[in-house]
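Here it is, the structure in full.
Letters are used for the chains, namely A, B and C, taken in the order the chains are written, and counting of residues starts over at 1 for each.
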Amino acid sequence: MDAAAVFERTELGRLVAILAADGYRVIGPTRRGTAIVYGDIAGDADFAIGLIDEQEGGTYRLREVDDPRVFNATAGQTSCRQYLFAPRQRLWSAERTGTGFRLAEDSAGAEPPLAFIGVRACDLAAVGVQDRVFGGHYPDPRYMMRRRRALIVAVACARAGNTCFCASMGGGPEVGPGHDLALTELVDGGRHVFVAETGSERGALLLARLDPRPATGAEIAAARAQTEAVKGRMGREMVAGGPEAIRANPEHPRWHEVAGRCLTCTNCTLVCPTCFCSTAEDVADLGNARTERWQRWDSCFTLDFSYIHGGSVRKTAASRYRQWITHKLSTWWDQFGMSGCVGCGRCIAWCPVGIDITEEARAIRDSQ
Amino acid sequence: MTAAMRDPMLPRPFRIEKVRRELSDTFTMELVPAEGGGFAFAAGQFNMLYVFGIGEVPISISGDPGDGGKLIHTTRAVGAVTRAMDSMRAGDVVGVRGPFGTPWPVEEAFGHDLVFVAGGVGLAPLRPAIYQAMANRQRFGKVVVLYGARTPDDILFRRELERWRGRFDMEVHVTVDRGNPKWSGNVGVVPNLIAHAGFDPLSTTAFVCGPEVMMRYTALALEKNGVGREGIFLSMERNMKCGCGLCGHCQWGPHFVCKDGPVYRYDRIADLLAIREL
Amino acid sequence: MPARKPKLAVWKFTSCDGCQLSLLDCEDDLLAIADRFEIAVFLEATRHRARGPYDVSVLEGSVSTPHEVERVRDIRRQSKFLIALGACATAGGIQALRNFRDVRGFLDLVYARPDHIDTLPTSTPMADHVPVDFELRGCPPSGKQIVEVLGAYLAGRKPVVPGHSQCVECKVAGTVCVMVNGGIPCMGPVTQAGCGNLCPSRGRGCYGCFGPMETPNAPSLAAWFGRLGQDSRDILRLFRNYNPETAAFRAESERHG
C-alpha cells in the first residue's frame, strides 16, 4: 500500500452524493427483504449497515448485529455481473424493406455510467476475469462500454464467510487490480475510518474531493493486519490438486454421484460472477415485419446449450456438472490464462441443494 | 474498423443471386453483398447466416476462396432456419456474420500428397479446400478425394465429382452405405476406401469432414494405414450462437470450436474425441 | 404467401376456461392475431363457428369423458397443427387428482343421481390421445408465450419457449431465492420457466404450475424439502397439484403418498 489516505466514515454519504451529482448510477450492497444484494444507493442509509450474513450450502440468512460497520457482509446473490453483463439486453432490431431488411443497432451508450461502492476482492477479481473474456479478439462492445465508464470503489472484507474460499483461489481477500479506489474499513473504539488507496487517476481525483488526510503508519498496519487475519478464517478451501484431478478424470464415478443430487437448475452458473455464457433469441411481431435480437444469460446446464441436429451433446446431469466444474476450475486456464473461479462461494450457498464445489474437488482429488 | 470489429453480432445483408437444388434436402445459395464491398474467406471457415425473423445458424462456406465475387453456401434443410432458406429465391436477402473459424491448412500441405475424406454433406466444407488445392495443383503430390454418401441419390456435387474423377491429376473414389439396383459402384463405409487409395501415408496430409462418428473412424483408419496424427485434420461441429467466442455454447473441453476450430489437427484432439458427452 | 388467412380454432375440454381467458387477455396482440388468422372457432369470444379443416387448433382442458376422447380425435383429424394449451391439456390439470382415487366415490359425494354422469376414471392430457405438435404449459399459461407460438407458426420460426427451470427467471430478474434465503420450499428448480417469475418475486415458493422442466431431478429436490421440515403430505402436495399426470411429478408424488 503506497501513499494511502484516510477519510472519516461520515464522508461516505458525501461520496455517494458526489458520484450521483457526477451522473453515475450508484450501486452498492443494500438490503432487499431478508438478503443483501447489489442495488441502487441513493444515500448513506441505503447501505446494509448492522447486518451480517450467515451462509451454508443452500442457505443464506441475515442476522442483525450491533456494529456500526458499513461493509460487514460477504458475497450475496448478485455481483457486478448483474450490471456489467446485463441479464437481458437487446442487440439490434430490424425492419423488413421489400426483400431485405434494415438494421438498427442498440448500444449501451444511453445508460448512465455505473459507480460501484463496496465491491469485494472476489467480485473485483471476477470483473477482471470478465474483462478478459469479453475483451478478446471480438470484444463485446456493450460490456466494454459499460466497463470503461464504470467506476469501482472496492472494499476489503473484514470478515470471511462460511462459504468463502477466495484465499485458496487467489481472488482475495486483498483487493487486486481493477479498482479506482480500494478501501479498508477500520472500526475500533471511537474510530471509524476508511483507509483508501487509489488505483487510477479517476480514483485519485475522486478521493481528493472527500476530506482525506495521509494515513499514519499505524493505520496502514491496522488495515493490512485486518485483511491478513481474514485469510485464516475462510469457511472453505479449494484443495491443491483439485482442479488437476477434475481435468484428469472425465469418467470418474463421482460425476454420477453428484448427478443424483444436481438439479441442473442453472443457479450456480447464474450467481457465479465470472460465468459469461449467453444465448440469442430472435423475436418478431405477429406480421413478421419487425424483429429484434435479444441476448440473455444462458447456462451450460440447459439441454439447449449443447444442442446440435439430432440432440444435445450433454444429455446427462453428470456430463453437464462435469462440464461446469471442469471449465470453472481447469479449462478456463487454457482459454484465458487464469482461473474462472474467484472463491466467492456463491455457488455453494445458492445451490438449492447445497452442492459444494470445494467438496467435489476434494472428493475427486482424494480418490486419486 | 469493420462493422464486425465494432459489433460482431450485427449481420451484414447479402442478396441471393441463385439457389440451386443439390439433393432432395440439400441446396446451394450464391450470395453477393447487398451493400457493396467484397467478401474474403479461407477454406474451412463458416458464417452465421441469418433469416429475417426466423433465426441464425452456422453454415460452412462451400465456394472457391479464390473467387472473391460470390459467397457460396451449401446446406441441408433440417431446422426452421435452413428450411426457411430453402424456400428463399433470387433477390431475397439474408444476414451474414463472419467469416469465423480456423481454415484447412492447404498451404502447409505443399509438397505432400493431399487426401480429402468426406461423408455426406461434409463434402461442402471441404470443397473450398479442394478448389484451392486444384488452383495450386503442381504444389502437391497426389490429390485424392474419398467420398461416402448414404445412398446413390445422396451423392452431393455429383457432376463435379465425376468431372474431378475424369481428370488425370486427381483420384476420386465414391462409396455408398446402401446401393440401389442401378448402382454398380462401391458399397460400404468411407474408411474402407482408404486402404486402396493411392497416396503415400508417410507424406500425406488428410482433411476429413463429416458426421463425428465417421471422422473418428476415418482418422483411426488413416492412422492404421500409416498416416501420422499430425497430418490428419478434422472439422468439428458444436452448438453456436455467436460464432465469435463470446456466448460459450461451442465449448468442447478447453476449446471454443468457433475460434479454436472448427478445423483441428487430430493429434491435438484425439483424447477429447474419446470422451463421451464432452 | 397464401392469400387466405390460416384458420385458427380454439377448443374447450375439461377446464376452467382460464387458458382461453389468457388468450383474450392478450389485448392488442389479440387484435393482431385476429388480423392474421381467420378465427374459425373460439366460443369464449364469439358464437360464430366455421367448419374445418383448420390450420391451427388450440386445445384447452383435459380429456375426462368418453365423448371428449372422440372429440379430440376428430379435431386432430381436422387440424394441421395442434397446440395443447395449459396444465390441463398438457398434464391432466388439477382434476387429474382423481386419477389417484376411485372417481365413483367422488360422483356419489357430489351428484344426487351419479348414474346420470358418464365420466372416465381418469383425467388425462391431450398427448395421451393424439399426437400434439406443441405444448404450452402453465396454469394459466403466459399470454406472451401464446402470442409467441402463434407468431412463430405464422413465420415458420421455432418458438422461443425455453424448457429450462424457473430459477433462470429468478436470477435474470434479480429475485432473491425464496428457498435459500427463506427456507420456503420452492418447486422452481424442477419447474419449467415461462410465467415471468410470478410467485418467487412476491416471496412465495413456486408450486410448479408450468409443469416439469426439461430434465427435472425430483428426488433430489424432494429430499431437500424433507430437510426443510416438510413432511410426506407436504411433499406429496407440492408434486401433485396442477400437473399430476407428468412422468416426473407423478413418480415423485407416489414416493410420498
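Just so we're on the same page, a residue touches a chain if its C-beta (ideal position, glycine included) is under 8 Å from a C-beta of that chain, and two chains touch if they have at least 3 such contacts.
Remember, it's a predicted structure, so these values are computed and weren't measured experimentally.
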**Prompt:** For chain A, which other chain has the most distant CA centre?
**Reply:** B
**Request:** Grab the C-alpha centre of each chain and report whichever is closest to the global C-alpha centre.
**Result:** A
**chain B and chain C: spacing of chain centres that average the CA atoms, whole Å** = 43
**Request:** With chain centres taken as the means of their Cα atoms, state the distance from chain A to chain C in Å.
**Result:** 37
**Centroid distance [mean C-alpha coordinates] between chain B and chain A, Å** = 40
**Item:** Multi-chain contact residues (two or more partners), chain B
**Value:** 53-55, 79
**Asked** Residue numbers in chain C touching 2 or more other chains?
**Response** 155, 157
**Fill in**
chain A touches at least 2 other chains through residues 282, 284, 288, 304
**Message:** Which stretch or stretches of chain B touch chain C in the complex?
**Reply:** 53-55, 79-80, 83-84
**Complete:** Residue positions on chain B within touch of chain A in the complex are 4-11, 13, 15, 34, 52-56, 78-79, 91-93, 95, 237-239, 241-242, 244-249, 251, 253-254, 256, 259, 275-278
**Complete:** Within the complex, chain B is touched by chain A residues 91-92, 94, 96, 99-101, 103, 105, 133-134, 136-138, 140-141, 250-251, 276-280, 282, 284, 288, 291, 293, 295, 298, 300, 304-309, 313-316, 318-319, 323, 327, 331, 334-335
**Message:** Taking the touch rule as given, give the residues of chain C at its contact with chain B in the complex, in rising order.
**Reply:** 155-158
**Item:** Residue ranges of chain C in contact with chain A within the complex
**Value:** 29, 32-33, 35-36, 147-148, 150-151, 154-155, 157, 160, 162-165, 167-168, 171-174, 176-177, 179-183, 186, 188-190, 203, 213-217, 219-221, 223-224
